[in-house]
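Shared between the two complexes below is subunit A, which pairs with subunit B and subunit C, respectively.
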Partner chain A sequence: MTYPVIKAAAYVLVHAPNILLEHGTTITTERLLNPDSEYLKVLPKYLRSFDDAVNYAPNQVYIGNMKPEELRGYPTPWYANPVSGSRDGKYGEIMPEDEFYGLLRIVDRFELVELSPEFASQIKPKIEARNLFSAKQLAALDKTLDLSEIEKMVANNEADGLYLDGKLVGCVRAAHETDENLSAHVVFENLVSKASGALVLANLIKKHGINPLDIDYIIETSEEAIGDMNQRGGGNLAKAIGEVCDCLNATGSDVRGFCAGPAHGIIHACAMVKAGVFKNVVVLAGGSSAKLGMNSRDHVKKDMPALEDMVGGYAILISENDGVSPVVRTDIVGKHKIASGSSPQAVIQAIVADPLEENGLKITDIDVFAPELQNPELTVPAGAGDVPMANYKMIGAMAVKKGEIDKKDLMMFAEKHGVPGFAPTQGHIPSGVPLVGHVVDEIKEGKMQRAMIIGKGSLFLGRMTDLFDGISFIIEKNSGKTEEIKEDSEALKQEIRELIAGAIKEVADSLAGR
Partner chain B sequence: MDMANQARIKETAEKYGNENVVVVIGAAEPESAGLTAETVMVGDPTMAGPLTNVALKLKVFHIFELKDLIDPAVYDEQLSMMEMVLDVDALCEEMENIRKECGC
Partner chain C sequence: MDKSFFENKKICILGDRDGIPGPAIAACMETIGGEIIFTSTECFV
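Showing the complex of A and B:
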């Protein structure tokens, strides 16, 4: 059997403190219910600068400049112990908010994003210097609207403002007078997802020297619904993002599964490549503006910076077996079935233990697990605990129940088979996929044999089912054989020849009366 | 506790009577278990949900406090793994403390 491979991975972050203030749902809800609250008054003081975001160790891990293990033992709190970071990463980059506003304009095909002439002229050379987007694309920044017009639209609730340091510099218009699915707020959220998705795809192409014309298909796995009042989740962000990055030979579609979306998407892509339908499939997602500052109330209460100011993005290229890149074992896929049950024990059994047992592997045969990888510094102060550590303990406890390890070695298991969480709390973004880039590198460097990526989704949030969801797959070192199917079929042919020969001999013997 | 759950608990208590409702919590962290318990006893401390200023004074336990009442086979299948993972003593202590604080 031959397997598809993970050819490349890219990761980006966008520093978005003003978007946090305007679009984070914790903040917008508070503004609605308690407009004069102390939390709203003090929150702006708890936002951090772009430099602070760049020099934040978990962000450097996310874009590939540090290994996740380096966080282990690194002095805490991480926000008070900055590293000497770079906005450019091995896997991608960290973009400041002003450039991102420019990118919103660049990816906008319906003239819904308006920027003031002063602001546009400031950021155009900054974006140009990054060398990610063409002169034709940058020309979008030459179409501007006077600030007075922008102010009027925002004041009349016809548009949502784009702010920098409290100053209005642009806006996103509503795309329809009455359709709430095309309101300024929804269009804004969707454009944030599109722009951060395009940013990560552009980085994937640039960092890995990929010809965008070689990409056949794109699967987008964020949690936004693209459509209008007649088809709220019609799609298709995948194709919209591919268009920005000149993937002219690609089509695509959006796969949804809450936080499990990326893992589902990767399995879809692997199946397409393995079946020979497409040769190069990119699975990607941009990030979410709604989730910015989700736990900021607790962060403020604990007198720490509102660290959930990063919009995330990831992109992974799945290709035909090249004999070098790590493979995805399409024959070892764990799934949380409708009948699996929703207790943590049932979930771990279904998505971790069952696929391994069915394939003669033990839990301890997996070098590293990649479950939800939220940065604990964001979640612990909010009472949600250290999510990756809880997952590692659960997987370890399952290994104890299976008799693979001793109960006293549970913590050692968590350390040996896990990594500290480092991803922003952007729903689908932390769910397993942030470790893929590191896993690919470790396997290629011969430091790792196999890893399990786990996606989990809280389907009940949409109120259509109270089921949980989860799906897992294994990334493994490439055996170097790319023609296994051919070899297999040769062996099969030989076996058939021998069977036929045996049958003919039996017939000949019976005819001869022997 | 999210708004939808607060609304459901409020509705259930109104329908069946506060004395006939027991809330069982499965939270993983003592802090969130405590906050949930506080919400169903004396009201939403974040002043955001339907239980704001509503003191239902419901009976509330963490599932680990009820181990003796659960069929051992069911407990083994559903909870034994999490018993290894979570700080059961801290969870039970938090529940006892919050019940005392709330006078329940």
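Showing the complex of A and C:
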């Protein structure tokens, strides 16, 4: 059996403190319910600078400049112990907010984003210097609107403002007079997802020297609904993002599954490639503006920076087996079934233990597990705990129950088969996929045999079911064999044997007069 | 805690998606008694 491979992976972050203040739902809800609250007054003082975000160790891990394991020995709190980081990463980059506003304009096909002439002229050379977007695309920044007009639209609630250090520099207009699905707020959220998705796809193409014309299909896995009042959530962000990056031969679609979306998307992509429907499928997602500052109330209470100021993005290219890149074992997929049950034990049994057991593997045969990889420095102060650690403890407990490890080694399990969380709390972004880039490198360097990527989704948030969801797959070292050819030639040999046997039988029958 | 504590009580359950989800808590509570009037699971990540 031959398997599809993970050919390339890219990761980006966008520093977005002003978007946090204007669009983070914790903040917008507070503004609605308690407009004079102390939290709202002091929050701006807890926002960090772009340099602080770049020099934050978990962010350097996310873009590939540090290994996740390096966080183990690194002094905590990580925010108080900056590294000497770089905006440019092995897997992608960290973009500042002003450039991102320019990118919103570049990816906007309906002239819904307006930038002031002063601001646009400042950021155009900065974006140009990054060499990611064409002169034709950058020309979008030449079309501007006077700040006084932007101020009027924002004051009349016809548009949502784009701010930098409290100053208005642009806006995003509503795309319809009455349709709330095309309100300025919803259009803004969707454009953030599209722009960060385009940024990560552009990085994937550039960092790995991929010809965008070779990409056949794009699967987008964020959590935004793209549509209007007659088809809310109709899509299709995938194709919209591919258009920005000149993937002219691609079509695509959006896969949704809350935080499990990326893992589902990768399995869809692998199935397409394995079936021979498409040769090169990119699975990707941009990030979420709504989740920015989600736990900032607790961060402020604890007198620590509001660290949820990063919009995330990832892109993974799934291709035909090249004999070199790590494979995805399409025959070992774990799934949380409708009947699986929602207890933590039932979830881990269904998505981790069952697929391994069915394929003769032990939990300890997996070198590293990538469950949800939220940075604990963001979640622990808010009372949400260390999510990856909780997952490792549960997987380890399952290994103890199955007699694969001794109970006394349970705490060592997390260190041996896990990594510290390093991803921003961006819903679908931390769900297993942030480790794929590191896993691919480790396997190619011969330091790892196989890893399990786990996606989990909170389906109950949509109020259509109280079910949980989870799905997992295994990335493994490529055997280097052209298995398909071998398999095909074996099948051919068997067919010839059967033909010869049939012919001999006919001769024998005829000689015997039967 | 004494099981009788829950007798004739109305119970609201708030589960955590990364801890113990609401339906799992509800399944336990159903064996103890009391009336479950609301079950929800929240997400903080």
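Definition applied: the second predicted complex is superposed on the first by the 488 of 514 C-alpha atoms of A that agree within 3 Å, B and C clash if a C-alpha of one lies under 4 Å from a C-alpha of the other, contacts with A are read in each partner's own complex, and residues count from 1 in each chain.
The criterion applied here is as follows: a residue touches a chain if its C-beta (ideal position, glycine included) is under 8 Å from a C-beta of that chain, and two chains touch if they have at least 3 such contacts.
Given the structure is predicted, the values throughout are model-derived calculations rather than measurements.
In the superposed model, A:M394 lies in contact with subunit B only, and not with subunit C. Contacts of A:P430 after superposition: subunit C is touched, whereas subunit B is not reached. When both complexes are overlaid on chain A, the residue A:S458 reaches subunit C alone and has no touch with subunit B.
When the two structures are aligned on the shared chain, A:N295 is found in touch with subunit C, with no touch to subunit B.
Once the two complexes are laid over each other on the shared chain, residue contacts for A:I241 go to neither subunit B nor subunit C. In the superposition on chain A, A:S343 contacts both subunit B and subunit C.
Once the two complexes are overlaid on the shared chain, A:D466 sits against subunit C while remaining clear of subunit B. Applying the stated contact rule after C-alpha superposition, one finds that A:L43 touches neither subunit B nor subunit C. In the superposed model, A:L33 lies in contact with subunit B only, and not with subunit C.
Applying the stated touch rule to the two superposed structures, the overlap between the subunit B and subunit C interfaces on subunit A comprises residues 341, 343-344, 383-385, 390.
Only residues 29-30, 33-34, 297, 341, 343-346, 348, 383-385, 390, 393-394, 397-398, 400-401, 407, 410 of subunit A touch subunit B when the two sit together in their complex. Subunit A contributes residues 259, 294-295, 341-344, 372, 374, 379, 382-385, 387, 390, 425, 427, 430, 458, 460-461, 466, 468 to its touches with subunit C in the complex. The part of subunit C that touches subunit A in the complex is made up of residues 16-24, 27, 39-41, 43-45. Within the complex formed with subunit A, the residues of subunit B that make contact are 28-29, 31-32, 35, 46-48, 77-82, 84-85.
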